[in-house]
Amino acid sequence: MLNDFLILMKPELLITFIIFLLLFIKVGSSMKNESLLLLIQLVLLLNVIAGFFLNEEGSLFGRLYRTNNFMSLQKSILSIGVYLISLLFSNWLKKSEHLLEFFILLLSALLGMFFLISSGSFLMFFLSLELATIPIAAMANFDLGKKVSSEAAMKMILSSAFSSGILLFGISLIYGATGTTSFSEMPALLTGSPLQILAFVFLFTAFAFKLSIVPFHLWTADVYEGAPVAVTSFLSVISKGAIAFIFTSTLYQVFQPMQAVWYNMVMILAVATMVIGNLFALRQQNIKRFLAFSSIAQVGFILVGMSSNSLPGTSAVAYFILIYVFSNLAAFGVAGAISQQTGKENIDDYKGLYQTNPLLTWIMALGLFSLAGIPPTAGFFGKLFLITAGASKGNYIFITIAALNLVISLYYYLRVIRAMFMDKNETPIPKIFLEAPVRFGLLLCGTGIVLIGLLSWIYDYIITIAA
Amino acid sequence: MLALLTLVSGVMAVTTRQIFRAAIFLLFSLIGIAGLFFWMRYDFIAAVQVVVYVGGITVLIIFSIFLTQQAGELLPKQKPARQLFAGLAAFSGFALTMLQLLQHSFTATRESSVEPSVENIGMSMLSVETGGYALPFEVVSILLLAAMVGCIVIALRSKPVTI
Amino acid sequence: MNLIYLILLPILTAAGILLVQKPAQVKVVALTGAALQLLLAILLLFAYRQERALGNLAQMLFELEYEWVPGWNINFHVGVDGISIAMILLTAFVVVAGVLVSWNVTKMTKEFYFLLILLSLGAYGFFISLDLFILFFFLEIAVLPKYLLIGIWGSGKKEYAANKLAVMLMGGSALVLVGILGLYFGGSGYTFDLLHLSSISIPRETQMICFPLLFIGFGVFTALFPFHTWVPDGHSAAPTAGSMFLAGISMKLGGYGCLRVATYVMPDAAKEYAPIVILLATIAILYGAFATMMQKDLKYINAYSSVSHCGFVLLGIGMLTQTAVTGAVLQMVSHGVMTALFFAVIGMIYERTHTRQVNEMGGLLKVMPFITTVLMIVGLCSLGLPGLSGFVAEMTVFVGSWQNPGTYHRVATIAACMSIVVTAVYILRAVGKTSMGPLPAAFANLTDAKWNEKAAAIILLAGIFAVGLAPGWLVELIRPATEVITDRLSGK
Amino acid sequence: MQLLQSLPMNLGLGWAVALIPLLPLATFVLLGLFGRHHFRNNAGVIGTFSLFISTLTALYIANGYFFEYGSVNGVYQKIMALQITWLEFSPGFSIDMGILLDPISVMMLVVVTFVSLMVHIYSLSYMKGEERFSTYYAFLSLFTFSMLGLVISSNIFQLYFFWELVGVSSFLLIGYYFDRPSAVAAAKKAFIVTRFADLGFLIGILILSFQAGTFDFNELIARLGTASNPAFQSATAASFMGVSALTWGLVLVFIGGAGKSAMFPLHIWLPDAMEGPTPVSALIHAATMVVAGVFLVARLFPVFSVSPAALAIVTYIGIISALFAAVIACTQTDIKRVLAYSTMSQIGFMMFALGVSGNAGESGLGFTASMFHLFTHAMFKALLFLGAGSVIHFIHSNEMQDMGGLRKLLPVTHICFLLACLAISGIPPFAGFFSKEEILLAAYTSNPAVYYIALVTSGLTAFYMFRLYFNIFWSKAVPAHAPLDHHHGEGGFPIVLPLVLLAAGSVAAGFIPFGKFVSVNGKALETELHLVFSVAPVLLALAGILLATWLYKKQNERPAAISASLGGLYKAAHRRFYIDEIYVFITKKILFNLVGKPAAWFDKNVVDGMVNGTAEATATVSEKIRGLQSGKVQQYAMFFLVAVIFLAVIFIYLWK
Amino acid sequence: MMEPGLYHILFISAALFFIGMYGFFTRRNLITMLMSIELILNSVNLNFIAFNKYLWPHKLDGVFFSIFVIAIAAAEAAVAIAIIINLYRSHQSIDVETAEELKY
């Protein structure tokens, strides 16, 4: 029993352990930020490595908690992302007064996401969702001196509380209609009656809110822009990944009987998300805001893959998230480094960046290309598999719209590329000094972007364990 | 009666223009709900409701009101258009929900019921077997811990505002 | 002959370029790589011929197949037939010439050559792919470098042009993607394999949906009317080598795709849609020609004329007769070499006169006989002078088109033939205005071509003459391959 | 043909004939690549020498063909001396590079090499000192190569191949003085107009070859020229707009020929082509290239002869051109233009002679006559041009009013020119007389109307030729500014020799019993002179000469008066009946303004506009919907709720 | 007053839910918005309890759900108030419309 407990809940326990470790450090010693950060990075790295071993399938606590290899992999992907974040934003973190608190909150949120992925009932689902949200809202306020930071935090906490309300209302209706909150008992009890549909819509929109699907995305950009870059990247990459995972598995497993309803819903919202996300991204000036909308559009593509309701769909989503972690973090990493040292966040400020910071420019370009789905970057494969999965339903119009949206998105990614490579600038951003961890993190991202696509066994691995 | 109290205070809480009164109405509304719990014989829940909400959250709210505002100051009025739309949206949502609820024929279980006594609740709360809620309990505790840490960092900052 | 070399070589070259530091070294590496590519392409040609001579009648030679993503049944499947080899040769020629012509690039030399080589990688990969997925992969690889080439090293409205080009081409490839997926799921095979897809009969509904998607998608690349507008802007803004690659190689990707993927795989739809294809191709031919007539910028002239010439490719494909299809492939090769050279020459002239407006030039024959002579030869090739490649290709298309006896086809053929007159008008106008007439005093001291320019021109001229004077070898190479395609069309 | 293919000498013969065009080709390549640097001064000698060998070979071949092996049982054979598959479209359907020897091709070989040689020699002196001397000879060689290739073509596509090359060399040579805008314009015009005609030719080829299933001349003629052949039947059965495919094909092919041969109304390029160096005009625009159209019709004559409609068109176009050009020639003042129009007129003669010809025996007289005239015309027209060239060389002007009284200064030229004028006017016993008589006879027997027009035209010919002659050599006294340096005058030996040789040809060529060698079916055709028949044309010619003498021998007011009295007609003729203006109108106004400009406009605004419009629309929409992202968190929540209700309503009530 | 049944309770909770929504939409004071949220959460609690009591009394799912919701509501309120106070410090106001810098 205890053995089971230790092995099955290994990821969660590890994170909890780290959290407590940090708490003890906070209470007991006064380490310097540098060494502390190094320690955290090391621990997180170990966590990533540990994530790949001793994964088993099973459930605990009366099916409130369940896990399998695929979920472990999803957790590992998130761990990788967190590790990258700890590297990429070293510059910012080092100077932060609340380094420890930051990581405590970050890891709590991560823990929430782990539980989220593994949750076996709506209760666990709801609780871990909150655990994954509230600390982030607090973190969004970590740029304590900045007005926009608190505005972002305010928007985030209020909107998410609002969506929690809606989610809960939906859950309560479902509970009323079926008498259970357990994922495993639910499918048999779903009949597709109007009330269930209504409840499902409530539930669905709460997911949509967290995943920033249009039209529930409105908070996203504001929060992304206002929050510190590290938080934004966590929010846009890790949080989104986690939600996408649980969303997929909920739709596929729990709401399988209502497949027809949610397929159409996903389709409509995917189109809306891609289009609106793209249209807004087109005209953004602030790089963080720009990336926010771009990530909204990316979610649209995730939905395309999700709509397939098949094994390739799940694996394509997981694969895409993995790639997305690297690509988006590359972009955010560069944006963060620049914003940290110069305070410049506008795309126009990036003009002529290539002259002064070739490495940053290339990493950014790689990230953007990957987001845009240009080969040979991994994003190409990720997007392609998503669209391929979506195409399995034979809905050509939907797929054509998705494919054409790829083009629009390319257009605005190219805007940044253009600014960095082509435009002239009298006063380009000066040469930016990158700390070793940042440099390492960026290179890691770049390597990931190039290799994940070309190494086909990664996808194969995902599809095998997702089966 | 309780229902009426709850609803009326709820409405007042969201419409009154004096923030302090709004808080008091909220308090009444919450108490009304606690009363409903009592009435449904969920004593424990009612107790929790009173303790956490009435004793915790409302007090917190009232403190923060004191912190941020002079009591008695009138709240700024929202634009009528916004009020209208909000009312419409809320009402149509309400109508839709009620319609679905009323049209739906709920089926009740025939299994024997479990007494929602404090003992029962406490046992399952800490049970790790099926039907136990130890894990959620742990999760919530971590959440509360994180929330605390967050609050401390945010609220106890020392630096003055620079921007 | 291992086809992997064709992919490996550009990759190694690109890596080499990244490793060395000085611009001079970069150039040498790039040139060596390009020359090796040419050598490899020629070796491939001979190996292919030898294999055929030994009686190997397989449709594709030198096939290689590795599993890539088993989850989607994606295989790294490559192989060549005559058409591919012709295209590979074309690419190799243009790449060498492009590298030579760009010898004077001083801005970000390393990146420039890196992108050039990357483009060639895309092209080679595309032409040898037998799996639609990797075909698409390479197709997209070949797009983005163009954007950067134009945007960074271009001139004029470069940003607008680069954007337009990238977006339109990506739009095209988006349609291609949908088409490919349609084939994958609707083709009752769950396979991307071209050979497999071409051996089964694909349900008619799938064909009717996927053919337009694929044809328009690839058509955008090859300037299918009305999706051609990236051509003039893109070409005119691109740096010389960029234009050469764009017109010489990139537009051929589309033609090749239209033929190999759309038409070959979906014969029923190809027949069904042929009238539309022919209509659009004819419009492109004439319309491009007439539009060219009104242009004043040399690059625009060549760009619009490319629209017209690529119309022949599509016309040949649309006519569905074996000769016409052969002609289409010939036209791809011919136009590729010719237009690359044309752009090279325009670049040389521009470098000296700093203008591309024909009205501002004149009498350049006096100061730069070599360049203008090459210009004239290219012009003549463009208007289909016998002995040069254009003639061979156009005539094959015409003869092949005429073999399709429908009145509609006849009218289209005649209309297409009419372009030879219009072509003559604009080519002579361009050549006449630039190289003949009185020489403006400002240009009196200009110099003729340098060694690298001469070498580039001679390499491409060799291609033009090799096709123009002795087309036999090329036709022999291509025809068996087109036969396979037309056999499928006629249900054999 | 079968017989000869078995002969062992056949292959040798093939390569021997091939040598004739290949030598000039080699010269072209050599001079073209290295001429500027290595053969600057001796390019002419090299070119001339190589052509000299070609000419000798041609004469040798002609001798052999006509007198040794060509005739089998009194019928001249079509010998396929060489055949190499050049471009195979589908098995059995290919463009071959071959050599077809038959009377007309052998005859053309001689004519082309000979005239070309004369021009080469002439140019040695005439073009001396030109900066691009070697280029000139390179182009000249290219032209000679192409023309020779054209005449020996065994395959209609091969003919088209060389046809186009001829066009290009013509372009290059007309534009030889490339810094002179008028020359460039003329070169372009020549190329484009003939190109336009070639379009017809090309489509004609497509039609004919498709119907016949071959490009090979022999096969083509055998299949389409025989009424019993299925190809013929399907070709006549298939019709478009009421006209059979065969006729369409032939007419279109003829359009090609008409373009190259400057037939009305495609003649407009020819006068302008005189911008080229004069020897070039002599070679290309008088003796050889312009008769390519005639040659083409002759080559396909067996097929033409089965389509009366096509033949009728050939006839009428020919006669109209003859008369039309003759009228214009009377009014021109540029001597080369006069000659150009005269050329056009004479080719008109050849054309309609073909048109009135039948396919066999006596009715084939027109064919023979046409070829004969082609042959003699080459001699005297080349002579006229070369003569004119030496005049121009001397005077440095093309205009008649700058000339006059030159007979003393240029004696050899004068005599030769006079002989040529007599020959072209049809005065016995000069060459033109014989060939023209045959043409008139052929016309007389088949189509009287044509005959009468031809008669008038031949009178006009005499008139304008002598108008030219008198204006140059008599009329005024020696022009004041003329260089009176006698040594300069005639030029050297290279100028005199071709004049004399051609003059000899013009005098003697008529006596060749042409019908024996060249006839439509290869059998000898006995031609005889009907003295009675000759009276009318000769008299008319003499009348023309007399009129010219009266008007132009001495400078006087009469021509002006007459032209004034003719008023509009004269003016119209002088302005070449405004054909040029019509063309300019069509090209500039219609083609450029009504097609080209709209196309360009359409592209810029509509097609491009669509693309840009899409981009702009996207940007606009994106700007318009920015209000969605208002920054108000309450509004966000409201959107949220509304969307929830919306989705719920859709999925509960509408979309089930 | 007749014996209140399930539907009555549901009516109350739904009404409370949308009253909370209305409040959330219209109040400009951040604290009152937070109060509206509390109303929403309470209505959900009511729902859970009602369903548990009237329909599914054999297990205590609903009860536990509402207990945890209350806990979460507390945590959320705490963080929200911390953020609001912080916002108040930087903006000197807790009017939601003063914090609209981030938009478009």
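A, B, C, D and E are the chain letters, set down in written order, and residue numbers restart from 1 in every chain.
Convention: a contact is a pair of C-beta atoms (placed from the backbone, for glycine too) under 8 Å apart; a residue touches a chain by one contact, two chains touch by 3 or more.
Note that this is a predicted model, so its numbers are computed, not measured.
Asker: Through how few touching steps can chain A be joined to chain E?
Answerer: Minimum number of steps from chain A to chain E: 1.
Asker: So if I look at the partners of chain B and the partners of chain D, which chains show up in both lists?
Answerer: Both-contact set = A, E.
Asker: Of the chains shown, whose Cα mean is nearest the mean of all protein Cα atoms?
Answerer: Central chain: C.
Asker: By the contact definition above, name the pair with the higher C-beta contact count: C-D or A-C.
Answerer: If we tally the C-beta pairs in contact for C-D and A-C, the bigger total goes to C-D.
Asker: So, comparing C-alpha centroids, which chain is the farthest one from chain D?
Answerer: B
Asker: How many angstrom lie between the CA centroids of chain A and chain D, rounded to a whole number?
Answerer: 76
Asker: What is the distance in Å between the mean C-alpha positions of chain C and chain E?
Answerer: A distance of 65 Å separates the two centres.
Asker: When the C-alpha atoms of chain B and chain C are each averaged to a single point, how far apart are the two points in Å?
Answerer: 69
Asker: Using mean CA coordinates as chain centres, what's the gap between chain A and chain B in Å?
Answerer: 30
Asker: Quick check: what residues of chain A touch more than one other chain, meaning two or more?
Answerer: 123, 127, 130, 134, 137-138, 141, 144, 146-147, 153-155, 158, 162, 173, 176, 179, 194, 198, 221-222, 411
Asker: Among the residues of chain C, pick out those that touch two or more other chains and give their numbers.
Answerer: 167
Asker: Which residues does chain D have that touch at least 2 chains other than itself?
Answerer: If we look for residues of chain D contacting two or more partner chains, we find 615, 626, 629, 631, 633-634, 637-638, 641, 644, 648, 652.
Asker: State which pairs of chains touch, listing all of them.
Answerer: Here the touching chain pairs work out to A-B, A-C, A-D, A-E, B-D, B-E, C-D, D-E.
Asker: Over in the complex, which chain A residues touch chain C? Could you list them?
Answerer: Against chain C, chain A makes touches at 312, 315, 369, 374-376, 380-381, 384-385, 387-388, 391-392, 394, 396, 399-400, 403-404, 406-407, 410-411, 414, 417-418, 421-422, 456, 459-460, 463.
Asker: Where on chain A is chain E touching in the complex?
Answerer: My answer: residues 122-123, 126-127, 130, 134, 137-138, 141, 144, 146-148, 150-155, 157-158, 161-162, 164-165, 168-169, 171-173, 175-176, 179-181, 221-223, 225-226.
Asker: For the complex, give me every residue of chain D touching chain C.
Answerer: Per the touch definition, chain D meets chain C at residues 36, 85-90, 93, 95, 157, 160-162, 164-165, 168, 171, 175, 178-181, 184-185, 187-188, 191-192, 195-196, 198-199, 202-203, 206-207, 209-210, 240, 591-592, 595-597, 599-600, 602-603, 607-608, 610-611, 615.
Asker: Using the touch definition up top, name the residues of chain D that touch chain B in the complex.
Answerer: The contact residues of chain D facing chain B are 634, 638, 641-642, 644-645, 648-649, 652.
Asker: Under the touch definition given earlier, write down the residues of chain C that touch chain D in their complex.
Answerer: 164, 167-168, 225-226, 228-230, 232, 287, 290-291, 293-295, 304, 322-323, 326, 363, 365-366, 369, 380, 383-387, 391-392, 395-396, 398-400, 402-403, 407, 413-414, 417-418, 420-421, 424-425, 428-429, 432, 435-439, 470-472, 475-476, 479
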